[in-house]
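The structure that follows is given in the form of structure tokens.
Labels run A, B and C following the written order; every chain starts at residue 1.
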Amino acid sequence: MSSSTALPQHDFAAAPISLRRRFLDNLATGSAIAAVILVLAPLVAIFGYLIYKGIGALNWDFLTQIPKPPGETGGGMSNAIAGSAYILLLASILGVPIGIGAGIYLAEYGRNKFGDIIRFTADVLNGVPSIVIGIVAYGIVVIRQGHFSALAGGAALAMMMIPTITRTTEEMLLLVPNVVKEAAYGLGVSRWRTTLSITLRTATSGVITGVMLAFARVAGETAPLLFTAFGNTYWNWKINEPTAALSLQVFTYATSPYDDWHRQAWAGALMLIVLIVLSVTAVRIAAGRTMK
Amino acid sequence: MGVGIQVEKLNAFFGKTQALQDINISVLANHCTAVIGPSGCGKSTFVRCLNRMHETVPEAKATGRVRIGEMDVYNGSSATHIRRRIGMVFQKPNPFPTMSIYDNVAAGLKLNGFRDRKRTDEIVERSLTYAALFHEVKDTMHKKSGASLSGGQQQRLCIARAVAVEPQVLLMDEPCSALDPISTGKIEELIFQLKEKFTIVIVTHNMQQASRVAEFTGFFLLGKLIEFDKTEKIFTNPSDKRTEDYITGRFG
Amino acid sequence: MRSRFHQELDELRARLLRMGGLAEQAVDRACQAYIDRDLKRCHMVLEGETQINLVEREIDEMSFDLLAMQQPMAVDLRFILAVSKINADLERVGDQAVNIAERVMDMVELPKVDLPVDIPRMATAVSAMVRRALESFIEGKAELAQAVLEMDNVVDRMKNDAFITLVKAMNERPDITRQALDALLIARNLERVADHATNIAEDVIFWVRGADVRHNAPQPEEPPQPSV
């Protein structure tokens, strides 16, 4: 096409980058790196300190034995480790389906006032202090049953998982491009089937991330378990009985007057972190293998 | 075999906006009919009304009568049921990203409850052959994901997926607009062969494509069907001045 | 929208009109040379032939380029095809004018005789046909072109009459055979010019109406249409 206006002659490509701009560029890069270090440093420090303090008490006894009576040395947290796993399993069974289901509802059918209300509620629930959740679980489950239980603990943790899972699931489902859903509709696939088999399946990776996020968050919670699972010095696999949990045990041991228990508390804290990291990694690997 | 399509007094709305006005058209079985017109003329809306995909947009509505063969699209079965008899290929190739090539082609069967594994294998192979894709993917179709193919191959995969459920009619909404000329050429060749089994309606804004593949052409403008005739007539001596102005580039 | 393309169509039209002018002029000159027994005019016709051939080539090239590069449709396509064919017909008209001029050059060397044939009248009619055919192109009016088709019959009859009378004259007076033969050939050349003018008119009708009226073809039965 004809160029009727002559552009001023200026060769932008050949202009040198001024000293000031280069300085600012380096400053920005440097600040970013510094920020990363600042963020990672506490993480590394915590982990390092835990290993330093806890590795001594982390032995076979610790992993296999139940706590000894106060004052006696030795014993371990095997029941607490198992108990945590048990309670988290219950929490997942309760929380994950409800959370994903709510997320699906919000993404597919919740583009309206009612959906906004649910979203708002979920966000508020996310911010509720964990001890308040614990008290609510106490009122709903413990009082009605008449005793502490793993179920109550699972319920409390589930209540904390649900908002996170719901919101992430919704976001991930909304990220699935419309054209993929249209392809399914075009084939005569019903709406619910499309949502489950196509949309959810496409968003699986993101949904799992959401679940893992929620899981990692509640795995180390102590307050909600204080008056729901309550803790136990013995093995327990019954759903309606008080159950030990790693976080509770660490709390009890750390606030006790016994040195041996203090050392075991450090080991317990280390154990907690290690178990969380391991479980998240395991799920990632398992999920990764089913994807192409 | 393909069937004819009769459309009577089709009106389509998006909320209060009318997108199509009193469309009457008769599409001949086992022929390819092109729908052309400038942007916003309603050609995509028209085609999407044929298989009720128009309804997936909130606040969208359509009135009138559409008969595809013996099937009454609007006064009979549910939209889902209708869409199983009508195949659709979209503008941007959209294979299911989490599924393999094989699973993509079989998706229409599997997701609708078809369980016979052996027959599925046969159908997948036949559909991929129909789409001129089988030889390129036959060794990797179980392992490679649908999204790992090139653009032209992906679109042929979508065609295979659409024909696997043996529809009577194939709707194509600008199927080549995202593709390079060679892939476009392959798909146009495909349309010639697909005509033997299906009735094809193709939306295109490329007039040369319409003149290459379609026996009949309909010209839409501002939601109305201005002219519908044999393609040669439309492109050599159209009856309506608006049609002529559009195809000679005097507007649009 | 496609203004560059439409400008080129205008340019093509202008060139064809120029071609038409040159051809018309050649025929008129040749006929005037016959009436005046003017050798100089004959030479002008022969020299003009080069120019006509040059313009013919230009028009052909331009038409070809437009077809290849612009993908014209409908009326534009018909227009370019019509221009192409009219171009060829006009070049033949130029050739016929040269033939007439050559016959005149031969006749001038022979003694003047009175022949029972009215070449000037035939020339006038033929010239009118060519002019009207070109007018129908300029105006884009099929009715004008239709009139040209009807005039062709008149010219044909004139040529047949000329044949009969000149052959009779050659039989009765063998000494004027050569002049008679020259006149006969000129009559035939003029009749061919009329044919070309008819072709031009048919091409104009094709362009304007999209109807092929060549060789008096009946319009084809329209095949059953899908109802709109």
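Just so we're on the same page, a residue touches a chain if its C-beta (ideal position, glycine included) is under 8 Å from a C-beta of that chain, and two chains touch if they have at least 3 such contacts.
This structure is a prediction, so every number in the text was calculated from the model and none was measured.
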Category of the chain touch graph - line, ring, star, complete, other: line
Identifier of the chain whose CA centre is least distant from the whole-structure CA centre: B
Where subunit B and subunit C are represented by their mean Cα positions, the distance between them in whole Å: 51
Separation of mean Cα positions, subunit C and subunit A [Å, integer]: 91
Whole-Å separation of chain centres (CA-atom averages), subunit A against subunit B: 45
Touching two or more other chains - residues of subunit B: none
Of all residues in subunit C, those that touch subunit B in their complex: 1-2, 5, 71-78, 210, 223, 225-228
Residues of subunit B that touch subunit A when the two form their complex: 51, 53, 56, 58, 80-85, 87-88, 90, 92, 94-98, 100, 107-108, 111-112, 143-145, 158, 161-162, 165
List of subunit A residues in touch with subunit B within their complex: 111, 177, 179-180, 182-191, 193-194, 197-198, 201-202, 204, 291-292
Residue numbers on subunit B that touch subunit C, as the complex places them: 24-28, 207-208, 216, 225, 227-230, 235-238, 244, 247-252
